[in-house]
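Chain nomenclature is as follows: A, B and C, assigned in order of appearance, with residue numbering initiated at 1 for each chain independently.
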């Protein structure tokens, strides 16, 4: 019984992190209509910024976290301006965008490895200790509680933004049809730019939380990105709510799968789920055909 | 009457809307049949269904009155003796003009195509269709480098190359210069004279009147009227459908 | 001199991988990021058959290619349903699944420790153990692959592949069952990759899962993108540049760990730059 509870808790934790990663990823997909394989670097740079500031330079953790998120947002702006916008202007195909973003992703990853080494490191010396929480016989750390709370919180914020603000309305218009949005006078480049920054910020949060929870290495961003991509496809590409749903399905599939086979097969399980969805429901659960 | 193609209760539904709605029409063999109708009346959808781009949602298609098909896969279209052009040009952009033609003359089997010799016969066939549309000089250019009208002609040449019995032309005249328009009209008349069946989707009523033996008018996926061009084009229902929208 | 032979062998082997990828990516328009997984299957099969069963290299290599082809047949049936971006993601997924198998099926693959002591090829009592003789072997195989690939792409079959790349729906209406074409070229491509993989295993005499990770698949893609999609000279040129360029860094005096990251940095940067300024690559004939 306790094992089952712990698996469920682990699934919810994994789902929450994937949800944070996937919602921004999918929002960006919605407006730019291409998979941004560089989305993972936002998580990596944020958590390495925290590592650099808080661990290596003993700067107060809240300030380090704020700066870490800022670095992610800034990088989101830089990548959008320097790679995606010029390629969109050239009407480059999706594959070009995909390969360029893959290239950007491994560049940032390599830079991090060069400056911080490719070794696994931890933030344990600065992690705020909230103590552990016991629920129904399962155990959650304070960081994990924050993860579980922030995913629905961010979902609610996305919902508020998309449904109740002028900006959100513009985002939805661009997602529906960029050409039409342009014609009715929406500055689509500005909208896409801001969406990139929002997505990057949320991904930064996901990266920092993962860093607190387990630790950090230069690959973590790419792995989070893959989780985000799988969750988005499960839920329905371009749909923020679908990403949330897909993230939890992925989290549960992974953790229950791992229970039945073993931990090393986690990625194989996740990617098998992806291939099954690509085959049988490529538009995702909430997607329209 | 001799029919090249018939549809019986043919339907195609997109998201609950019948783009083609229980449509029963007959295309005369060896004639030019015009299909007209306001935008969104289902002309291109009908072509797409008949050439295997969309699945049939209801009804059947009979080609040459031989067999009724409830399903047509796009790769079967050729063996049913049909071919087509596209409303929005779909030539193979990053291939030479000559390759655009040769590729449709390739053996159909995977292995046959791998070991097929480049037959002089195919090259002469390609040469004759390219010369027909005046693109032989451009044969080594990439299709992407041709002008709009030339690419449109290349598509027509590609359709001619396969020597099909039924050829669908989906708005072949759009964006063509007058001398090209004349060329396309001549080609269609020649096709008819050699016994081919031509289906022409076109908005220009003068061309329809000039070329077609039979006209089918669609509205909202259903048959509004059909008959000889002069009758149909003076039909009050047809005039209303065009002007009333 | 040994060092130059070593580099030349790497160039030849990566040219084989790149040419094999170009058949699907450049000529058929299927951007596949799983080439390393397939040359991994070839490498592991060749290595295991030689070590455990004492099979001759050339027979083991053939078996590796056949097994890879079989995997590709099954996988190709799945992949033929995907298009564009989704195809890319599907192939990324397979790279991870294959990597999981290499690293987790410990009883067979030795897991993270890999397989050491793989013998060099032997033929009629002659051992290709010196670098120079292995180089000749690698170049001979590259030559055969190049000629074979040239035959395929200039055949009418190759022309249909290019038409599939340009507009799959349009070519299918002219009577081609495009999924068969895609499946066959995919199988051919992976079998060529497996050939290179077997050679790589025997040359390095040691393989571990890291040799076949997604990073390597992306590296091969970078070679093709740099050299030029849809040409056969392109991948060879790309392999030449991308194998030699990081070597230059070692002379500048970076530590091996940093140099390894610099190699990744360089090809990542090249991917971005090529996409931004020259998507057809240096001598390519296909613009993505």
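Just so we're on the same page, a contact is a pair of C-beta atoms (placed from the backbone, for glycine too) under 8 Å apart; a residue touches a chain by one contact, two chains touch by 3 or more.
A quick note: this is a predicted structure, and the numbers were derived from the prediction, not measured.
Asks: Can you list every chain that touches chain B and also touches chain C?
Replies: none
Asks: Determine, using the mean of C-alpha atoms as each chain's centre, which chain is farthest from chain B.
Replies: A
Asks: Which integer distance in Å separates the CA centroid of chain B from that of chain C?
Replies: Computed value for the inter-centroid distance: 42 Å.
Asks: Using mean CA coordinates as chain centres, what's the gap between chain A and chain B in Å?
Replies: 48
Asks: Between chain A and chain C, tell me the centre distance in angstrom, where each centre is the average of that chain's C-alpha atoms.
Replies: Chain A and chain C have C-alpha centres separated by 31 Å.
Asks: Going by the contact rule already set, what residues in chain A reach two or more other chains?
Replies: In chain A, no residue touches two or more other chains.
Asks: What part of chain C is in contact with chain A in the complex they form?
Replies: 31, 33, 78, 81-82, 84-86, 88-90, 92-94, 96-97, 99-101, 103-104, 215, 218, 221-222, 225, 257-258, 261-262, 264-265, 267-272, 275-276, 279, 288
Asks: Along chain A, where are the residues that touch chain C in the complex?
Replies: Going by the criterion above, the answer is residues 34-35, 83, 86-87, 92-100, 102-107, 109-111, 113-114, 117-118, 226, 229, 233, 262, 264-265, 267-268, 270-272, 274-275, 278-279, 282.
Asks: Could you please specify the touching residues of chain C with respect to chain B in the complex?
Replies: That would be residues 152, 155-157, 159-160, 162-163, 165-167, 169-178, 180-181, 184, 230, 285-287 of chain C.
Asks: Mind listing the chain B positions that touch chain C in their complex?
Replies: Within the complex, chain B touches chain C at residues 51-53, 74-79, 83-84, 86, 90-95, 99, 102-104, 106-108, 110, 113-116, 118, 158, 162.
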